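Listed after this line are the structures, all set down as structure tokens.
Look for chain A in each of the two complexes below; its partner is chain B in the first and chain C in the second.
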Partner chain A sequence: MRWWVIWDYREALWSGLQLTVEITLLTMIGSLLLGTLVACLRQLPSFFIERAVQAYVEVIRNIPSVVKVFFLYFVAGLDALPAAVLGLSLHQSSYISDVLDSGFRSIPREQSEAAWACGHDRRQIFLHVLLPQVAVITLPPLASQFIEIVKNSAAAMLLGIKELTFQTQNIDVETFRGFEAATAVTLIYLSLALLIAGTMILLERRIKWR
Partner chain B sequence: MTGHFNRRTALGLGVGLSTAVGTAATAWAQTAVADTLAKVKAAGTMLAGVRNDCPPIGSIDTGGKPVGFGPDLAEAFGRRLGVKTEFIPTTSRTRIPLLQNGSIDCEFGITTPTVEREKTVDFSIPYVWDAVAIIIKEGASRKVADYAPPKKVATTQGSYIIDLFKQYIANPDIVLFQEYPDAVQALRNGKVDGVGINRASSVAYVRKDSGLQMSEDMVRDPWAIMVRPNDSNWRNWINHTLQELWKDGTYKMLWEKHMGEAPDFHMFSPYMLQPGIK
Partner chain C sequence: MAVRNSAFGSAEPTRRDRWMWRAAITCALLVALLLLHGQRWDVVMASGPFLLKSLGVSWLLTLAAIGIGLPAGILLALLRTAGPPPLRQIAVGVIEVVRATPQLMVIFWIFFAVPAMTGHKVPAWTAAIVSLSLIAASYLAEVVRAGVQSVPRIQTESGLVTGLTRVQIFSSIVLPQALRNMIPALIATLVMMFKTTSLIYVVGITDFFRAVILINNREFEPVALYTTLAAGYFACCWLLSWIVRRLDPAYVLAH
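Showing the complex of A and B:
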């Protein structure tokens, strides 16, 4: 074992980590916004919108993330980074919308009816009664979705983006120290995932305490 | 107290398990270096690494079967030994790890012997003499030096063409893909301005009416069959068989079948085969 190759490549790994974090954060924001929008649309009492949203979720969920990223880069002609972020955001948004939708379903119907009886309109019920509760209920499953984004971010490598997995493979091809490189990248991804999980737990505790 | 003990036990178990896995992996990697010729004969199967992204050297046909000059030549080697040839797909990035961990016995790809690679693997005598150039759009400059930024050039991760770019182009902006078809697609879509590639592999992309052409050559490029280090029996057998296949015309026939023309080089030396070749 020659562990010092990791130290020799610290700058490459650091720049790869920065790119991975950038892709992950942008994708988290994109997929959360898109997923929330889709989940909210699902709550509307419209047959047409419900079917359209269902079709969106099914189509997006059943196409591999790599295919989406390739399509946006090679066919739609986006640059590498926007193609990766948008592709991954689309992909995760379908899962996030499912998570949020189950959150909405878990709230008893009586709450909305009670708010309605108290004179609140639909918008107020949605924003002040349902959404805050959904946010708290869905935090643990959302953490899993965000961790999934960290792992899926490696697909950006296929477009030539020099993120963490790309840099690790570079260590492998330049020094042939694949085991050391793979171990290092495993630990880095694990730390990122634990960081997200920890942050979400803290967030959950804070919201519940309030 | 019990909780504390359990945590300690769990930690100990974790560390122990990791060490055991690491030791087993190292031991397995070491046992992989042995007499490959004897191993192949005993197993009745030669595990040949072949490219799946470099037609006509190696690619996958519509039925998912490896085809090209590499697989055909590997099969000719297998027939000489009287064993079955099993094809394992490789890329620029995976070829050396697969050889190291014993997943392949040899690689019939587009691998150039370099000093850096020789620290980890061994090479046969050059089995193809090719050249490296850049696929460019029709009408673009054929001079390699003209591909400095803002122009972008692409190749695959792990390819030694990255070093050639740095040698022949001032401060090149290099985009690295995992496979050649992706890189050529990026060229077609205007994402990059050129794709560094071996001339033999370029045949699949630069055809009549493809809108693509080749730049001037950067270097003449030898390819060798890659084997595990310190395995003379196996390497000698490959070197000798290669020349025998050249002598009996099999090599030329396979080259013409895939390249559409006779090879413009001679095996072993420009004049003759290695003395003693039957």
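Showing the complex of A and C:
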């Protein structure tokens, strides 16, 4: 074991971490927006939308995220980073829409009926009655979705984006110290997951105490 | 098909709705056909046997991972819920670490760890099956644990009163009921495993994903090839979830 390679490659790992975080944050925003949109659409009383969302979820779920990223890169002709972010956002949005949908379903229907009777329109009901409650209820499952995004961001290395997993392979290629690098990077991923879980717990407490 | 209640009331599908849906699907398929019409499908056809063989490799990896991972997952879940202290913490550690790291990283780690510890290079197939089984075991352990916890405690207690041993209670009372409760999560995890095999190409095994990349490197026909790739994975994952749903006793009774 020669652990000093980690120190020698600290700058490479740091830039890899930055890229991983960048991809993760962009994907979080993208998948949350898309997932919220899909989840809201699912609440509308339309058979057509219901079926369309079902088809969307089935297609997205049954294709590996790597394949989606490659498809966007090679077929749609996007650059590496947009392809990775968009592919991962599409992938995660189907799961996030499910999480949010169960959040919507846990809110009693009387609430939207009452708001409806008070003369609010659909947009107002979504924005002021349903979504704030859904956001609080779904915080814990959303945390695990965000951790999932960190994990899936490793797929970006296959397009040659120099994020953490890419650096692992790079260290192995240059020094044959793959084990040390893989262990160190695994620890970095673990601490990222812990960071997200911790942040979400703090956020949840803060909201509950208010 | 029953339409569920939503925040804005439920809608029973009318005939018009159903026809509109069918029309939309037909339109979408036609557009897809039009877009894909001019592509060089002969490239895909020429590599047909190679692609089918590599798809078989993907299935083989999935089935091996599930075959080893499910018993190992049940064992891990058992250790986590009822294991003696050191084993219990080890089980928790393995499950949580594997579930919090990217699958790609787990594969790399196994691939690098074995040579680093033993000094021998590990064959790609061994590394692939070990890492996929490890991933399957960790994810399935949590599925099994949730399933086992969904079985009321009184069932175990009744078993104890009747004089059954712990092993008998687990294998013939708790596990069959737990298996039934965890079918949806099981389907999701099995489909996830099939999707995870697409990452195994990093250790150099020619699975479906790598086969398509290899052909694309030679021919550069990305549209035809990657459409085939996506369609292939979709069909296989769909088939896998269909099969598991068929095995569900509740489903068999309902239909």
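Quick note on the criterion: the second predicted complex is superposed on the first by the 205 of 210 C-alpha atoms of A that agree within 3 Å, B and C clash if a C-alpha of one lies under 4 Å from a C-alpha of the other, contacts with A are read in each partner's own complex, and residues count from 1 in each chain.
The definition used in the following text is that a contact is a pair of C-beta atoms (placed from the backbone, for glycine too) under 8 Å apart; a residue touches a chain by one contact, two chains touch by 3 or more.
Worth saying up front: this structure is predicted, and the values here are computed from it rather than measured.
Once chain A is used to superpose the two complexes, chain B occupies space that clashes with chain C.
Using the contact criterion defined above for the overlaid structures, shared-chain residue A:Phe74 touches chain B and also reaches chain C. Using the contact criterion defined above for the overlaid structures, shared-chain residue A:Ser93 touches neither chain B nor chain C, since it reaches no partner.
With both structures placed on the common chain, the touch criterion links A:Ser31 to neither chain B nor chain C. Using the contact criterion defined above for the overlaid structures, shared-chain residue A:Asn152 touches chain C, although it does not reach chain B. Of the two partner chains placed by the overlay, only chain B lies in contact with A:Gly160; chain C stays clear of it.
By the touch criterion defined above, A:Gly178 lies against chain B and chain C together after alignment on the C-alpha atoms of chain A. Residue contacts after overlaying the shared chain place A:Pro45 against chain C, while chain B stays out of touching range. Legend: residue contacts after superposition of the two complexes on their common chain; A:Asn170 is shown touching chain B, with no touch to chain C. In the superposed model, more residues of chain A are touched by C than by the other of chain B and chain C. In the three-chain superposition, chain C clashes with chain B only at 96-104, the remaining stretches of 42-50, 78-86 or 96-104 being clear. On chain A, the surface patch touched by chain B in one complex and by chain C in the other comprises residues 1, 70, 74, 157-158, 169, 172, 178-179. Of all residues in chain A, those touching chain C in their complex are 1, 42-48, 50-52, 55, 58-59, 61-68, 70-71, 74-75, 104-105, 107, 109, 112, 122, 125, 130, 147, 150-155, 157-158, 165, 168-169, 172, 178-183, 185-186, 189-190, 193-194.
Interface of chain A with chain B (complex): residues 1, 70, 73-74, 77, 80, 157-160, 162, 166, 169-170, 172-174, 176, 178-179. Residues of chain C that touch chain A in their complex: 3-14, 17-18, 20-21, 24-25, 97, 100-105, 108-109, 111-113, 115-117, 191, 195-196, 198-199, 202, 209, 216, 222-223, 226-227, 229-230, 233-234, 237-238, 241. Looking at the complex, you find that chain B touches chain A at residues 22, 25-26, 92-93, 96-97, 100, 116, 119-120, 154, 157-158, 175-178, 182, 185-186, 189, 191.
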